Each structure stands twice: as C-alpha cells, then as structure tokens.
Amino acid sequence: MIKVGVVGGTGYTGVELLRILAGHPAVKLTAITSRGEAGQRVSDMFPSLRRRVDLHFVAPEDAALEQCDAVFFATPNGVAMKQAAALVAAGVRVIDLAADFRLRDVAEWEKWYGMRHAAPELVAEAVYGLAEVNREEIRKARVLANPGCYPTAVQLGLLPLVEAGVVALDCLIADAKSGVSGAGRKAAVANLYVEATDSFKAYGVGGHRHLPEISQGLSRAAGGRAIGLTFVPHLTPMVRGIHATLYARLTREVSEADLQALFEARFAGETFVDVMPPGSHPETRSVRASNDCRIAVHRPQGGDTVVVLSVIDNLVKGAAGQAVQNMNIMFGEEESLGLVMLPVSP
Amino acid sequence: MIKVGVVGGTGYTGVELLRILAGHPAVKLTAITSRGEAGQRVSDMFPSLRRRVDLHFVAPEDAALEQCDAVFFATPNGVAMKQAAALVAAGVRVIDLAADFRLRDVAEWEKWYGMRHAAPELVAEAVYGLAEVNREEIRKARVLANPGCYPTAVQLGLLPLVEAGVVALDCLIADAKSGVSGAGRKAAVANLYVEATDSFKAYGVGGHRHLPEISQGLSRAAGGRAIGLTFVPHLTPMVRGIHATLYARLTREVSEADLQALFEARFAGETFVDVMPPGSHPETRSVRASNDCRIAVHRPQGGDTVVVLSVIDNLVKGAAGQAVQNMNIMFGEEESLGLVMLPVSP
Amino acid sequence: MIKVGVVGGTGYTGVELLRILAGHPAVKLTAITSRGEAGQRVSDMFPSLRRRVDLHFVAPEDAALEQCDAVFFATPNGVAMKQAAALVAAGVRVIDLAADFRLRDVAEWEKWYGMRHAAPELVAEAVYGLAEVNREEIRKARVLANPGCYPTAVQLGLLPLVEAGVVALDCLIADAKSGVSGAGRKAAVANLYVEATDSFKAYGVGGHRHLPEISQGLSRAAGGRAIGLTFVPHLTPMVRGIHATLYARLTREVSEADLQALFEARFAGETFVDVMPPGSHPETRSVRASNDCRIAVHRPQGGDTVVVLSVIDNLVKGAAGQAVQNMNIMFGEEESLGLVMLPVSP
Amino acid sequence: MIKVGVVGGTGYTGVELLRILAGHPAVKLTAITSRGEAGQRVSDMFPSLRRRVDLHFVAPEDAALEQCDAVFFATPNGVAMKQAAALVAAGVRVIDLAADFRLRDVAEWEKWYGMRHAAPELVAEAVYGLAEVNREEIRKARVLANPGCYPTAVQLGLLPLVEAGVVALDCLIADAKSGVSGAGRKAAVANLYVEATDSFKAYGVGGHRHLPEISQGLSRAAGGRAIGLTFVPHLTPMVRGIHATLYARLTREVSEADLQALFEARFAGETFVDVMPPGSHPETRSVRASNDCRIAVHRPQGGDTVVVLSVIDNLVKGAAGQAVQNMNIMFGEEESLGLVMLPVSP
C-alpha cells in the first residue's frame, strides 16, 4: 500500500482527491492537513464523505508527512514550493496540483504568479505530469508538477497537429470554457450562484496564467519553436467540465480523413484519451466525474482551418484524477488503478 | 457471475443501470433490448459509456433473455407484466423497475395506472424490494417490484415514526421535491431545459401514482391500519435527487433526543441509510450518484409536529442502485457489492 | 415627481429597486448611498444599469436624504432603525425593506434578531406594508415595514382560509422554497454557484426569523387568536422565486368549488394577486421579474387537508416591487404605476 | 396605433414578441394565429401573460391579417415566403423573424435550407433588418428580413474592424455560445433539461445556416470582397443569451486604444449598442430581457490577434426586440419605443 498524505484538503480539488483516493485499492490515506480546520472531521465539511472517509484534518506540523510515500499538495500556488524540499530529502515523492513547478522558466513563473519562487532548484528537476507526453520521465519523478486544467485540455487537443508539423504555430487559438468549480471554493461575490448561473462571460482575455504553461508544452512538442497562441478562457454555468475549442491553420493539405487518422494514431493505446468518430461533438457531461478526455477533429467547409474539440472534467483529468494517474505511474502501479470510474451522465 | 439482461435501456434509469452493472464485479451483462434502437451501439446513444460498455441494442425476440439469471425491466409501466411469467417459468428472476408489481391491490393498481393488469397472479407473489423493510422476503423473490423513487425517500423517512406508533396516521404530509430526471427521457415540451430550469412548481397535487404505494407501505408498517397521507410532488431544477420533507403530529410526548435515538436504532446496521446528527439538513448533492439515503429528524420550536428530511438520488437508491441492491440480496452476494460508489459532490 | 433616496444599493434587493425606480414615471432618483462603494458609478458595479442609471454611490453623510420625499432602506437588518427617526422628523417617509419594523412585539424582535432595537417608539407607529391587507393604513404611513419574502407568499396564500375561519389554526404548515437570491449578495461559501446548484436542501428547520412575522400576520387575520405554524424554508437552485406549499386542515366541510370561490372573492380587484383556475400549478417563472403573486387552491383526494400553492418573485413582490407598490399608495399614485412589468418567461 | 398581427405565436420568439408588443404604447395587437392551438387562450399556454394578453389563438384563415398594418412571422423557416406576397399586395408590411428573406442568393438559400424558395421575387426587394447598418432602407421596407441571433451578435462585433479594413478577411473566427432557448420550443430529446443542463458542447461545426448570413453581411461591409469565416456555435446551459468571441488578425498596426476608439466611433449614437470600457468582459446576463448589445475589444499580449466580445439576448436583440425595433423604424416611430426595458439582472 502507498502511504499517502494530502496537504490542503478543503477545496474542490481536495475533496475530489479524497473521493478518488478513498476508493483506490493500493492507497492508504494517512493524513489530511489544514491549518484552519485542524480537529474537524473531514466528513463534517464534506457530508458526501460520511462513513467513507474517517479522518480529521490535522495541523501540518502534526501530520508526520515525511513518513508518507507520497504527498499531494491541493493547496494555493506558493505552498508546495516551500515544503517540497524537506519532503524530497525525506524520500517522499511530491505531487503538486498547484502551479509551483509547472513552468521551467523561473523568471517567467515569477512574472505570472507575482511572487518569488522559493525552490528554483526543484523546478529544474520537476517533471511535468502529462502522461500522454511524458510517461517515462514521470516514472522516476521526485517532484511532479500536475498540469493545469486548461493546459490539459488544450495540449491534448493540439499536440497531434503540432507534433506532426501540419499547422502554423504563430496563430493558434484556444477558446476554452470552464465550469465554475475551476474558480475554487473561496467566498467571492463573483462566484456566487446568483452571479454565475444563467450567464456566460469571458475573463482574463488580456492574459491568463495558463497561457505560458500551454505555450511551453506546445513549444516542446514543436521541437522548441516559438508558439503564438491566443488563449481566451470563459466561465460557463456548470459545475465541472472544460470544453476547449481549438483553431489552427493548416500549412499543407491534410484531408479530414488523414486528420482523423493522425489523432487516432497519436492516442492509440492511451487509456484516458478517446478520439471520437468523424463529425462528433463531445459534451462535457460525457466525461463528468471520470478521468477521460474526449476529442473530435473537424475541418469545416473544407477550409484550411482545423477545429479540434477537447473535453475533460477539470476536477478529474484536469486535477485530482490526473494526479492519481501520475502517482500510479510513479509507484509502478497499473496506470488506471482506482481510476476506472464510469462518467456520471446524466 | 450473474448473467444479466436489461429490457429497455434507453431511458435515464436504463443508462444508470448500465453504469452500475458495467462496474459490478459479479455481473456479466449479456443483453440490452430496445425495439426502436435495435442494432445501434449502446455507447453511440450514451457516449459516457464509450469503451466501457461494448454492446449493441437487440430486438427483444433476439435477446435470449430466458438464458439469463436475472432480467431487469427498465421499461414504461405495463411492459414487465406481459413478459414476466415466461421468464419466471424459465427460471429467470425478474426485477421490475417500473410499477407493475408494486401494488398488492390489483383493482387499485388498475385505477391509478389506467390499464388492465396482465399478470395478477404474479402480483400476489411479487416481493416489494425495500431491503430496509423486507430483506428476508427479497432473498427468495422470483418477481421483485423495485420501489418508486418518491416512495423510497418517503417511506424510509416515516417508517421509524409509524412503526413506533408515536404519530397520528390520519394527517401525514409528504412534501417531496424531485430533480427533472424523474420525468424520464421522453421528448415533451414540459421537460425542455428552457421550461424546467430556473423555476419551481408542484404537480399532480390532485393525485399521484406514488400515493397508494406509499400508503400501502406505511399501512403495513402500522400493522394494517389506514393511512391518511397528503402527498405533494414538486419539480426542482436539478438533474438528480429527491428531497422529501415529511410532517407528522406526535400522539405522545417524545423528546427530540428520543426521536434521534429512534431513527438511529431503526437504521443501525443499514449500509445505505445514514441518520445524520441532530440539527442536520441533508442536501441532495451529498448522495448524488450513490445508493445512500440521508435522513435528519427535527422537532421545530418544541411543538408537536415532527419534521423529517430524507434525501436520495432518484436514479440510484430510487431506481437502478436499489435494483442492484435487491439483485445482490436475491443472489446471495454482499448487499453492497458494486454499490460502494462515493457520492459525486460537487 | 417623488424625490427618492436609496440607502444601501449594493445588494440584490437594491439593484432590483434601482431597475424598477429607473423606469418609474413619477420618481426622480436623487441619491444612492453606500459607505463602502462611495464614489463608484452604480453601473460599474451593475453593468445591466449602464446608460440607464447615471448615478454614483455616495457616502450616507453626503446624500442629503432629508431633502427626499421618500427614502428606501435596502440595508441589512438594524440599519434603518437607527436613521429613521431623523428622517421622519424631517418629513421624509421611510420604507424599510429589511426587518426592523416588521414585528410589533419589540421583545420578540430582539430575541429573533439578536440585537437591541434602536427605535421602539417607531415600531409602534410603523405600518406593515401588505397592501392586500392594509391598504388604508399604508396610505398615511410615515414608517413603512415592507414584508419579508416568505411572509408575503405565505400570508397571501393562507389569508383567505384564516379570515374565513374554515381551517384549524394550531397545525398550519408552510413548506416554502426560495431561489438563491434570497440569501443576498454576500460572499459566503454556502452561496457559491458550485455549492448551491444542482442540489436542494432545507435550512433553519429549528427556527427562522420569518416565522414570527407570518404568525403575527395570520393571528391578526384570525382576530388575534394564536397560530400554530410549522415553517420550513428550503433553498432551490434558481435565481428568483418563492414557491410556498401550504397545508391546512378544514374544520368544517367546504367543497373545492367553494374554496376556489373563497379565494377569488378575497382577491377580486387586487392588481397583483392572480387566483388561477381550479387544478392549476403555478410556476415561479410565471411571475419572474414581475410584482405578481399567483395562487392555486386544491383539496387533494377530497380529504380534509387543503393545499394552497403561492408563488412570487422574491426580489419584486417579495421586496423591491412591493416597496414601490407601497410608495405608490403612500403618495397617492396609481398602485400599479411603474409596476406593470410583464413577467420574463422564459 | 399600428395594427399588428402575429403568425405563429407558440414558440419562444413568439411569446417574447407578445411580451414586448403587449407593452408597446403604439401597438394594437389584433390577432395571433396558430393552426394547432386555434381556440386556446394565449395565456393558458403562457401563464406569464395572464391578465395582460387577452387574446385567443385563431386559425390563419380567420385572422384577417390583410387588415393589419404589420404582420410578424414567428414561424419556422419556409412559412413566411408562402404568405408574404398576398400580404404585401394588401399593403401590409411583413416582418419575418425566420430566415426566408435573409440571403440574397436564392440558390445558396435553397442549399442551406433544403427547400425550394416560394418567393424569389420578394427576396430581391426584402431588406435585411440590422438597423445599425441599414437604417434608411429599413424605413421603407415592405418585406423585412429580421437577422438571425448569431448573425446579429457576430456582425455587430466584427463590423467596425471589417469596415475599417484593418483585419484579414480570410481567417475570421466566430466562436459563439448560445443559451438553449435558441433551439426553440420543440419537443426533442436533445433539448431536455436533463440533456442540456450542467454540460457544454459545440454543434454544427461542419456547417451552420447562419454562416452564409454572416458572410453575406461582412462581405457587404467589406465592399463585396470574399469572407473566409470559421463559425463554431456552442450550446451553453442558460436560457437566454449569446456570447460571441471573435478573432481577427490585424493587417496593420492599430493600437488597443485606437481599436477602442474605432468601436466607440462606429456605434456613437446607437441606442442599443454599448461599447464597454477597455478591459471589459461583458456578461450575457447584463443584457437579459433587453434589446442591448454590449461589446468589448481586446488585443491580448499586444499580439496581432484582435479579440472582440459581443453579447446579446438571443430572444430580444437576436429576435423579437430587433423585430420591434425594425417595426418602429418602418412606421416612423422613435426607434426605441416600447423597447426601453432595463435588463433583468440577476
């Protein structure tokens, strides 16, 4: 059994991680920390866990995390980078669901995240946890940077095109729509039911932190070439789900059938990526509460613009599920262990 | 392995049954019938089942259902009653998720359901599948009448009071609220998104088919005495979930603490019924996609009206999950086998 | 023109009041106060008011409210009671949308609201603003207590029965469901989109502040007799709307037709109360964004329990619209002036 | 008073038209036709109209439409084209909310709409009713083609860029999101509450009928040059509203400030188009139930891609409201008469 600790289990990513870990056959959940909630039963805060998760939140200093095999950080940005070094030194493998180790360029990270990085030396060794790209490196990672939700959906959708070198890299467009759980479980007027329901809006058009993360991943896939990406996130009135609508211009003739074949070949053998048949329109609910990503590729009106539709559950493949997928790889388990959850639809 | 057939798998109850059965370790799903969809892949209709349920719908006559161990009917009312006798004769155990075998009084059934009953002799032997009342009879049932969604939530909430004989039986009130999936997957203007969202209404105040079913169950719990129940169902803009708010008048003094103890004792040992601590207000989402029922009991302002709050997921404990719970009992499996699904919340 | 000031315009009641007042032909909106937002354009906070409401929030001390004809308080409880006396002394008529002047029994008010009342002498003269009961007194009110949202829906639904003396007063039940805007525009985790959507729950079963207000009104209608009321509020995932399902026991035989006639007679001539035809089930959306209350009366299964369904928009007839209705009466205007807004449905 | 008839008042566009016309001070609503509902009270189908619209549906042949001044067609595509000629001959001015007269190229219309056009001669004289482009022609139109919902939002957002000639015309992208009311009030499984809520999807990526309509309008704005547009519509779980996110590549340097000025100048004096301040993200709810269009323009990261955000209420500015705006122009009334409805938000 893998002894697992969770730092910060009071947000939506945290409770989803608990839901998955509680049903994972190879995991022994040993500690959940929260300074603010120390002493409270976890299931008092999340009644959905009643009689299934019998743990109390503990203060970080009482958690004996260094005795765990793996520690997940489901914390705000800037927390894991302060604690990771000590855990790594104690032989613990760290999986950060926040952004601390996602960007290899520390200066760029500091610009986008507005703080000084506390562990630049760990950034250098950290592994970006997109298994569909990086599986071998993940296996031996000591510090795992779990991808952001938008970057997961956008990269999986664009990788086949970028890797194949068939689209222009200077005018990629990612028009992405997220459910409200992506905004986290913090009390803010903008996230109130009455503010967010029955309405639709873009946000962060001027610049969003997931932009450099996506560009880094696509640039790597393009052999280091620069990426010109316009990324516009939107808030849509639903709980879970990301729908990325991706636009790229073909630089040479590729038929719609060949595009389809390109995507199918790229993800053949991937447990969690489902390339749908030609003409499909994946719905976010078709992946709800599961670790799946569904993708469809179109070439409308025979023009030179390719449209890719990519959907995930932001809390699962976009956060907690992908983190457990990475843990499975790191500990030599079957990659899908504890993750074969059928989507809940309707 | 239990060889299972499903008749009518194209509604919400059907797809939920498939989701649960597909993950059940002791079940081999052998056939899904649908006359209208024969030949179609099940996962083409329900993309959430892609790569997990690899079956096609077959016409009923091609399904070889008589070779199954158990056949579930996830059909409209009036279908199972026509096919059950032949299956029972072939040694198949029949689990009907519709209403055909729920009412012991055939004349009353015919009045409420507006059709002639095709198998009154099976009504006599059919077992009502509320395990928390009826476990022993279920074990040997050949025809299992799976309870309605409202009747499940209402009976579980009122049984402790009625069995203990502490409330007036002539003025029980069940004010129940259901998510829209309870209305089924039929194309009707009233169930359109635009009609049902962001609004709330009662329906069927003059009389609803679940009224006699609830009264029958409570009467049985009251040793056969008559029940005077006012049952008002409502439609609330959510997908899954029933919230029953139940009102009963005490006929003798019982303190709030004793009421709490009464409920806790009644459901001690029940895997799927969770009596919450005093002062609780269960939310439907705390049982979403799970087979749990959560109950809280109140005595507001120290008056003689008891208020019970009871929540279930209508598609699980109110339909498909409870049907699988009954199958487990009927086939001697652990009652919770394949049903330990943590609620999906948020 | 009636010169109007608004104290506290940053909540949902406030912005709805602005929407209505901005279109009112006899109103000149002169000041909106908010200490926290002083200097900000109102339409920067509420873009729906852009180019229609050209005002800035001002600090209360800069608002010259005493020069208004009427001042609305769309503030938390406990604010109006501190400022009303000075305004009344200056000849301003005060309309409080909060609860400060709703309960005639100051001790009971202090018990339920948990604070000392600052103006008990004004409580004595304040008029409860339910025009369908109180129209003549409202005409000359200097301090108007605008009813709560639940009390409006519940009282209008029960008044005909209570006034006619045909139901038992000791076991009335009000099972009420509110949209989330009733919880106000404050940043609280419980009101987040992700917490409130796709779920249903009761709250405050042990005791809710609107209980004494309803009881006071019904008792008055019953000639001062005591009222035994069980009031259970629920939160339903929609923005606007209250649906009250009301249960009362007949104390003498009254046919369903006579009940219908009773309700129709009671509200004949009322502009904002619509008694629907027998067998109706009013939906909250049928009154959305309007000042209407729709009511239907049932006697299910011919039993002695009467069921009344009463729906309003909590922000309009339950708050801002009713306040403007009261203002119209107080200033001798047509009662419906500026309030003939057709419901927005869908 | 303008004597108005409505053909087909049973859909969402129809009921919204009735809501607006019922409050319009210069309109006398004389007939509403529906073959299927002839004889039924309009307010029995739409309770929100109770006591405000006192009309019955009549069969088309009983409606005496030729005695109206204006007749609105709120019908499926293909109806108006059959009846318009007779009405025009009788001196009636026809306003078609469907697509029959929107495309000038009859062959292209027949390809996209899959039927033979019944009145090509009227297509030639019909006027496209986008007042912000076409006001003078609208004034004297006998047949008015009211624009589609997506085309309204997309054209208003792109027109300033296209007219100014500052963007490439061969790679325009319109990623548009619509509320579910856009799918109409027909009983179809795909539009059920349970199917459409809490999920997000694209549809019609291969080709949508609004594509040629948008291209026609933009081409006209570009002096007849060809338009290369990728248009991807999506369904988002809300009732009303369209959010168009528009992407265009600059062909010469235009600063963000100059883009802002360009938009402000283009729509100066337009009653119903609100160019928001730099950095804004309009929400669909900020125009709910109003005839407004709100637009914001961005140039993210200083790149050469311009992003325009454009929101409307699809039932108002995208249908019924715009139709009334056109009627006002056609009959010499103030353009905003009966349309100064403040958005309902929340």
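Here the chain labels run A, B, C and D in written order, and each chain numbers its own residues starting at 1.
Rule of thumb we're sticking to: a residue touches a chain if its C-beta (ideal position, glycine included) is under 8 Å from a C-beta of that chain, and two chains touch if they have at least 3 such contacts.
Owing to the predicted nature of the structure, the values given are computational and were not obtained by experimental measurement.
With steps allowed only between chains in touch, the distance from subunit B over to subunit D comes to 1.
Remark: among chain pairs A-D and C-D, A-D carries the greater number of C-beta contacts.
Taking each chain's centre as the mean of its C-alpha atoms, subunit A lies 46 Å from subunit C. Centre-to-centre spacing of subunit A and subunit D amounts to 39 Å, using the average Cα coordinate of each chain.
Between the Cα centres of subunit C and subunit D there is a gap of 37 Å.
Residue positions of subunit B with contacts to 2 or more other chains are 12, 181, 194-195, 197-198, 237, 239-240, 282-283, 285, 288, 346. Across the complex, subunit A is touched by residues 171, 173, 175, 177, 179, 194-195, 197-203, 205-207, 211, 228, 230-232, 234, 236-241, 243, 245, 247, 249, 279, 281-285, 288, 298, 300-301, 303, 305, 307, 309, 311, 346 of subunit D.
If you check the complex, the residues on subunit D that touch subunit C are 12, 15, 19, 22-23, 46-52, 181, 197-198, 239-240, 274, 276, 282-283, 285-290, 294, 340, 342-346.
Those residues of subunit D whose C-beta lies close enough to touch subunit B in the complex are 12, 180-181, 185-189, 191-198, 237, 239.
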